[in-house]
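What follows is subunit A paired twice: with subunit B in the first complex and subunit C in the second.
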Partner chain A sequence: MPKNSSVHRVKNKIDKKDITVTILFLIPAILICAVFIIYPVIDTFVLSFKKWNGMFGAVKQWIGMENYYKILTDKMFWNAMLNSVYFMVGGFIILMPLAFGLALLVTSKIKGISLFRTCYFLPCMLGTTAVALMWTFILNPNFGVFHVIENWLGIDLPIPDVLAVKTLNIWIVILVNNWMYAGYNMLIFAAGLVAIPETLNEAAALDGASGWQRIRYITLPLMKNSFKVFSILCITGCLKVFDIIWAMTRGGPNDVSSTPSIMLYTQGFSYKFFGRSSAYGVILLVLGVTLSIVTNHILREDKDLVM
Partner chain B sequence: MKRLKKAAAICLAGFTALSTVGVTGVYAEEANYDVDNMEFENVELRVAFRFTRDSEIDGQAKWYYEMVDQFNQENEGRIHVTDESISTESDYLEKLTTDFASGDVPNAFVEYGGSRVKEYVEAGYLLDLTSYLEKYPDWKDGVQEFAWATTEFDGVEGTYGIPWSAYQLCLYYNKDLLEAAGAQEPESWDDLVDACGKLKEAGIQPFNYSDKDNYHYEHLIGVLALKAYGPEIAEELASDAESYNGEKMVAIYQKMKDMIDAGYWGDAILSTDVATERSMFEAGQAAFFIDGTWNCGTFQNGSDRTLFDAEKIGVTRVPYIDEAYKTVEMGGGSDTYYITTLNQSEEEIAATVKFIKYLTTVNAINQMCEYSPTTYAEKVTIDTGNYLLNDVNVIMAENTDSRLNLPNYDTNSSATDTIRNSLQALATGASAQEVGDNIVDKMSAYE
Partner chain C sequence: MTDTSGKRNKHKVCGSTVLLYAGAVFWTFMTLFPVAVTILASFKSKSEIYLNLMSWPDKFLFENYINANQTANAMRTITNSLIVASLTTAANTIIGMMAAYSLSRKGYRFLKYVYIFFMIGVMVPVHCTLIPINNFATALNVKNNLLFLILIYAAFNMSQAIFLYTGFMDGISRNLDEAAIIDGCGNWSLLWRILFPICKPIIATEAIFVFIAGYCELVFSMIMMTDSKYFTVSRAMLNFSSTHSQEIGNQFAFVVMSVIPMVIIYVVFHKQIEKGMLSGAIKG
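So, the complex of A and B:
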């Protein structure tokens, strides 16, 4: 008994010491999270029920659900949401196969693979503004590539101003965005591909499986985590896409290529509706979290990837 | 006890009396508007303007930074000015909005007046300069009367800024191209349409009109409305006596639409910015260019000066729609310095006034005009030899009336952005009526 009691005391002492050390180590992280994430989120949530013109000292008037009502009944919001959906569709239909194909290429045993890998990743290293400006100039009807080709061929046909045409302009931006991020997402898939044991592929080859069958029955099921990472990054990224559209079209003309993030920005900084802008932020947060949970559920471990 | 009470009463009375003297003294000091003769000690000022240091082509920026350096040198140990300039308008405005939201505002900033700064004035965060201008009548008299419009606000008494630049929209034209097409300098809108037809027939592009920057259509709509219905249209629109989707305004949008449909405006309106449009005009790729009077200096300092040096650029008024309003123009004061009071000490405010006064005397602006010949709010007395500027000065002297941008008069602070965004739809196939309805719909959403 005395022996047990002494052990118990020592254990208790160690436990208390451990807890103290743990808390001390956690405090900086908790503080940073609280100051830079939790407090702003709570403040944004509260502000989304108020009206404030962004003026220091001005009264923040409580207006209940009015900001949400105005947003949800505004056709510009639904147009912006549709543009985000276009981005997601482009992400899954164009970017995902492209990035996966590139990943298959750079993990295969062909000569000069390092050069290819660098080339595919290069657009991502350029930076969004540089890429956006470059493509804006390329597509410019007055002095862009098509204009130069026309001059070279000696023809004088009208060149469409593709960034000014509704729906077409958002798809142009999507293609540029996919071109830029193909290399980045290639790395996600390449990481998944190199983690698959080579022996599995060799065994399948011995059993007479074709290249496509090996991808379908071995590669894809074992890369579910890579697809999950891609899907979540794609969905949340498309929902809050801002920079590339802002740099190429500024959400115009007449807001037709706007996205919820651009609306969030303009409501706050152009129109000084900071409450409504916060409501946009809350809507984006709720949608982002919900869609991430749904994606996680769809791609959970015990489910097979359906092809 | 009685003695103690008496002593306490005397002490309190003395303290109260002394306090009053102190307050009076402070008040007397506060009421001192003679900033040139004030004593300052290590006052740090932050000013947010839209210049770029080391710019090779912007004469105004060159002049400004020389003035700042000179001011800091002359006031060493007393006042020091730190520049917080951002040249890109949207970034600049974003920073200003954030500053006013956080309460950490610069001591002075530049804006265009009207609805863009009205909220700051109404909140009491900008300095009323009336007393300072009364103290220095030469400073006040140095500014042209029309330019004060950017500093005065309906329902608020006082003068809340010092304008330093002035502008008016003009029509620039390439003399050689007009001659080649057999066209004349247009006076009326019909003349302009006629000239565009002749140019098109001769294989010359009349305009490479731009609205990528999103303000060009709004400027033109404004000046055409003034030249069709007179200056009162500005107040009528602001007071809702006239509507942006009413018959009058739709008729103006239709004139723009007709130019687009005829191909006179060019093919890349929304992909072209003003700098590109100007470059194409300078390169002889378009016969006309509608923009502000600041281009007199820009043509002179530009990279392609062939047309300017050969005096092949002409300038005239934007064509009228109703001859009765031929000399009514869109323009007035433009860039204006505003001094903030939010969380600023009396000493900082006085030092800021001293700095802004330093920048806006007639002598200072004369120097600026030498660096960048254009139209200014102050009564510039030097001749820069810029032939376009001379012509513009003659035109401006004959103006009978002028107004700023139409949205500036609106009480809805979203008016400028809403109208500018909606007008872009003209270039994407929307009808004139649809554009008008879109403006009204959007503005009602931001009431």
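So, the complex of A and C:
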């Protein structure tokens, strides 16, 4: 008690100063977020109702909902949405099993797992652009892997540029993206796996459960949380994909491998439809916020997950 | 009875162990093969690459590296990126820690709303801010300004940092603060002398990820940097691959040069990264 009151007395002395300090400590962070996140969001919203070619001094003409109407009736917008959905599908049917399998590998008792783990994580340290260019070279029709295989087999067929074929190109980008992030997601699953008490598995093994049975009835149910984290990251992340597609295909040919964020960029910075580009921004924002709230709401039980 | 079942178990373990090794080696191959091809190709002449991309180089040529450095200014762009990444990390850590200190250690009611304000930042997709940021960068004449780029990067990593640091600080006992305050510690020294050292693990993990993000970022660098003197490495690589698409060896060399700093960081810090990820620190 006496200790406490002395603390209180000290606290009272500095109370006036205290609130000033609290605010001063917050100001840089608030300022930076307001200037670079909140203000731009509001500005995008306003600009999305206008027509503007991006030139300074040029009139920003109010055209109401026309930008949205143009986008929602544009075939390429829906194509871009479909590509985003492909990214999510790829995430769940390719990346998730792959990352989970790798997590099982690196938490098993085989020798050299720390070396394997280090290897698997390496791709996502290389940087998106470097990874994208590496694979673009390897898939190049003139000297890439297909060319090498043809040489070995001694045949000489024309090789298509796989990054220029509609649908095929987006799936190749998805595979490269999954190759890059397999190690990252492996660690998310591994974090869940190491949290499972060893004794559970031992008890099940004593009871005669096979390896698969142990995975099915012990590991998977206890890993629910890791799968949730993965799902939230995958769903919200797929909407934001930009770099890897841009570096591999520039969203082309003719926007067929674009996602909404690429469409936003090309509409604005290539075609100078800054109003329409802003409308893309608002659509992206609404989708992003809705998706993260909905996925969090459905999947989240524990409060300790990042949105 | 117990003996046989033990044996059967052992057999099974052997079978699955072989499977595990096969899987592990397969994915190691899948991971390292493209990297190895890129490194080998960076030492080959153009004609050798066209002849066979996967072969061992006849002679290790360093010309590609010299050319990449001269034509694309590889070293300069890498330096630019390293400067941007380090300053972003520093700004993010200092500003983030200060905000987290207020949010975690002070009991004022308005702080709840401030916290929600920061968490909105997590949900906003970066790309929808491109046009306004581009506009006011033009208006303020801060295009080609590395400092401005750093502020943008710091802003987009801020919410995550504040979330992690506040969470971590909440877990540190307040008795420590009270003892420090009695000893005459002000807010500033309490934060940097007492709490900062305790928060080091989470700061290190977050800082590494912010650094990587800053080094590799592409889209803001694309709209902000118009003068090739200030290109960051991702931007410069893309530019180089479209303007010098014929100089394929040089491009391979540039890619290899660009990843060297990242690989060094990875080799030095991989324990920290894996530990941070395994403890579930980074989920965004």
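One rule holds in what follows: the second predicted complex is superposed on the first by the 254 of 307 C-alpha atoms of A that agree within 3 Å, B and C clash if a C-alpha of one lies under 4 Å from a C-alpha of the other, contacts with A are read in each partner's own complex, and residues count from 1 in each chain.
Basically, a contact is a pair of C-beta atoms (placed from the backbone, for glycine too) under 8 Å apart; a residue touches a chain by one contact, two chains touch by 3 or more.
Only a predicted model underlies this, so the values are computations on that prediction, with no experimental measurement involved.
Legend: residue contacts after superposition of the two complexes on their common chain; A:Asp255 is shown touching subunit B, with no touch to subunit C. When both complexes are overlaid on chain A, the residue A:Ala203 reaches neither subunit B nor subunit C. Between subunit B and subunit C, more residues of subunit A are touched by C. In the superposition on chain A, A:Thr129 contacts subunit C only, with no contact to subunit B.
Within the superposed three-chain model, A:Asn142 lies in touch with subunit B and with subunit C [touch as defined at top].
Of the two partner chains, subunit B and subunit C are each touched by A:Phe56.
In the overlay built on the shared chain, the residue A:Val89 is in contact with neither subunit B nor subunit C. When the two complexes are overlaid on their common chain A, residue A:Phe269 makes contact with subunit B and with subunit C alike. Of the two partner chains placed by the overlay, only subunit C lies in contact with A:Leu239; subunit B stays clear of it.
In the superposed pair of complexes, A:Lys70 makes contact with subunit B only, with no contact to subunit C. Applying the stated touch rule to the two superposed structures, the overlap between the subunit B and subunit C interfaces on subunit A comprises residues 56, 136, 142-143, 268-269, 274. Those residues of subunit A that touch subunit C in the complex are listed here as 6-7, 10-11, 18-19, 21-23, 25-26, 28-30, 32-33, 35-41, 43-44, 47, 56, 101-102, 105, 108, 110, 112-113, 116-123, 125-130, 133-138, 142-145, 147-148, 151, 179, 182-184, 187-188, 190-191, 194, 205, 208, 210-211, 229, 232-233, 236, 239-240, 242-243, 246-247, 261, 264-265, 268-269, 274, 277-278, 280-282, 284-285, 288-289, 292-293, 304-307. Touching subunit A in their complex are the following residues of subunit C: 5, 9, 12, 16-17, 20-21, 23-24, 27-28, 30-32, 34-35, 37-38, 41, 49-50, 52-54, 95-96, 98-99, 101-103, 106, 108, 111, 114, 117-135, 138-139, 151-152, 154-156, 158-160, 162-163, 167, 178, 181-182, 187, 191, 212, 215-216, 218-219, 222-223, 233-234, 237-238, 241, 248, 251-252, 255, 258-259, 262-263, 265-266, 270, 273-274, 277-280, 283-284. Within the complex formed with subunit B, the subunit A residues making contact are 53-58, 70, 74, 136, 139-143, 158-159, 161, 163-166, 250, 252-256, 266, 268-274. Listing the residues of subunit B that touch subunit A in their complex gives 93-94, 97, 100-103, 105, 119-120, 123, 125, 208, 211, 214, 266-272, 276, 280, 342-343, 413-414, 417, 421-425, 427-428, 430, 438, 445-446.
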